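In the two assemblies presented below, subunit A is common to both, partnered first by subunit B and then by subunit C.
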Partner chain A sequence: MQFHERNTGEQIMNVKVRFFARFRELLGTELIVEVAERMTLPDLIKQITQKNIEGHQAIFDEHGHFREYVIVMRNARRVDLADAEKNIVADGDDIAVFPPVAGG
Partner chain B sequence: MIAIQTEDVDIGDLITAAKKHGTGAVVVFDGIVRDDDITEMELEAYEDVATPELEKIAGDATERFNLLHVDIIHRIGRLSVGENILIIIVSAGHREEAYGGSRFIIEAIKAGVPIWKKELTKNGGRWVPGEHGHGSGEPRQSLH
Partner chain C sequence: MFSERERERYKRQMMLFGDEGQERLKKAHIFIAGAGGLGSPVSLYLAVAGIGTLTVVDRDVVDQSNLNRQILHNDCDIGRKKTESAEEKLRAINPDIKIRAIDTTIEEKNASGLVGKADGIVDAMDNYPTRYLLNDIAIRKKIPLFHGAICGFYGQATTVIPGKTACLACIFPKAPPKEVFPVVGVTPGIIGMVQATEVLKYLLKSGELLTNRLFIWDGMQAHAEEICMERNPCCTACSSMSEIPENK
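Now for the complex of A and B:
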């Protein structure tokens, strides 16, 4: 794990965020994002999507909540989006955001 | 063989290899790109999660249906009409187990393995909607 420090002494963490399928087309495949300490998972995704209206609206509803069909995995484990606000991202996290699966 | 790959496979070779000692039935499921007025189909997977999920499903099916052999090959990339998408081969002592195991595997894949399909048409493309829920269902046990 690598922590960087800004002049303020605030620790900065690196988090990998991946999008798949329609979300990938709108937002890109993979991002390495620098985040400040104590950032929640929803805030992280909002930060990434804030300049991409179509991508943001695909993932969040008008109240800023994850849309009902969105699936988020953190380090290969599915996140319960009802409790997403309790998820504080950590350095080295691998976040995946995707729409319902359709394999087979 | 459990794999997510671009290459096709020789189903005949897989059937031969599936005939383990005690086999009385082999069931082959071959999902194919259907001609729904499309030019091609594009598939992508979250492989870091999808491959372990397929291995878990194969293990669950083996235990539940006394399978003697399981192959699951899910292809990704661009596929033309008529090409194989998903090949599931199971062998068991009896047909009930083989049919049951094969059905269990395909339904589990459709329910929760992170793979997506996009139908490419002359006018662009459309993502195939999932059959199972909209992210509100119970996650598979192995994801916890």
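Now for the complex of A and C:
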């Protein structure tokens, strides 16, 4: 694990976030995001989508919760959306966010 | 046993899996839900591979706007029932197999009867409510579900072995909203081929099935990856199933 130090002494971590399908079109394929300590997984995704209204609305509902069909994986493990807030991101995390595609 | 014509037709693939493998395909019955974007390539390739019986179900008629991807149907088929068009093409491409083409809507009340004694279900639908229904039927009958779905240049596929691997409801507990999806024909072509390959592997009992893995294809990046999945112990569809031996 590699931590960087800001002048404030706050630990900075790097997290990889990958989007798929429609989310990828709106938000990009893969981002390496620098995050502050103790950031929750939903807050991380909100930080990424804050300047992209369409991307934000695709992933979050009007209450700021993950839309119920969104799939979030953290280090290849499914994140239970009901408990998403309990996920504090860690340095080196690999987060994947995607919608099910429906066509046939 | 095989006729001379069948031996000649399947010669190159019998180099791969022999008389025994070809016999397995010939004895098999696969249910294909949909004769559209995914159902077209899946049914064509399963037909030429020599799957003994194919049931194809669809409720629609061929529309001009289908023809960029639904390669079972030709321009002259516009206005015809998709099942009628599908049956004609599949019989023409392989007269040595049985085709059951059924023009109906797959619903709760008829789904089990439609699937009958099929050895597996190919999900070539365009909506999640019917997919969940097919998932339930697969679980009830303890037969595999070969899932595929597409949107634009993106596609996904997975194989469900009920009671043993993550089912569709484990992977996608909630359906996305219904929408008119953009699509270019190459995407269902690719995903349909993944599904058809899975069917063959399952019937031949060889290779590693796409179980507990969601295959994700991004045509624009020419990049495929897979995401590991697992059974959800609280799954509304399959959690009551304990480990069972494979059906085939």
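Basically, the second predicted complex is superposed on the first by the 100 of 104 C-alpha atoms of A that agree within 3 Å, B and C clash if a C-alpha of one lies under 4 Å from a C-alpha of the other, contacts with A are read in each partner's own complex, and residues count from 1 in each chain.
Just so we're on the same page, a contact is a pair of C-beta atoms (placed from the backbone, for glycine too) under 8 Å apart; a residue touches a chain by one contact, two chains touch by 3 or more.
Not measured: the values here are computed from a predicted model.
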Room on subunit A for both subunit B and subunit C (clash or fit): clash
Touching partner for A:Tyr69 - first (subunit B), second (subunit C), both, neither: both
Subunit B versus subunit C as contact partner of A:Arg78, first or second or both or neither: both
Partner chain(s) touched by A:Gly104 [first = subunit B, second = subunit C, both, neither]: both
Partner chain(s) touched by A:Ala96 [first = subunit B, second = subunit C, both, neither]: both
Residues of subunit A contacting subunit B in one complex and subunit C in the other: 20-22, 24, 68-69, 71, 73, 76, 78, 96, 98-104
Complex contacts: residues of subunit A adjacent to subunit B: 18, 20-22, 24, 67-71, 73, 76-78, 81, 94, 96, 98-104
Touch list for subunit B against partner subunit A, complex: 31, 43-46, 48-50, 52, 74, 85-86, 106, 109-118, 127-136, 139, 143-144
Subunit C-touching residues of subunit A, taken from the complex the two chains share: 20-22, 24-25, 29, 68-69, 71, 73, 76, 78, 96, 98-104
Contact footprint of subunit A on subunit C as seen in their complex: 34, 36-39, 123-128, 148-152, 154-156, 171-179, 181, 183, 188, 216, 218, 221, 227-230
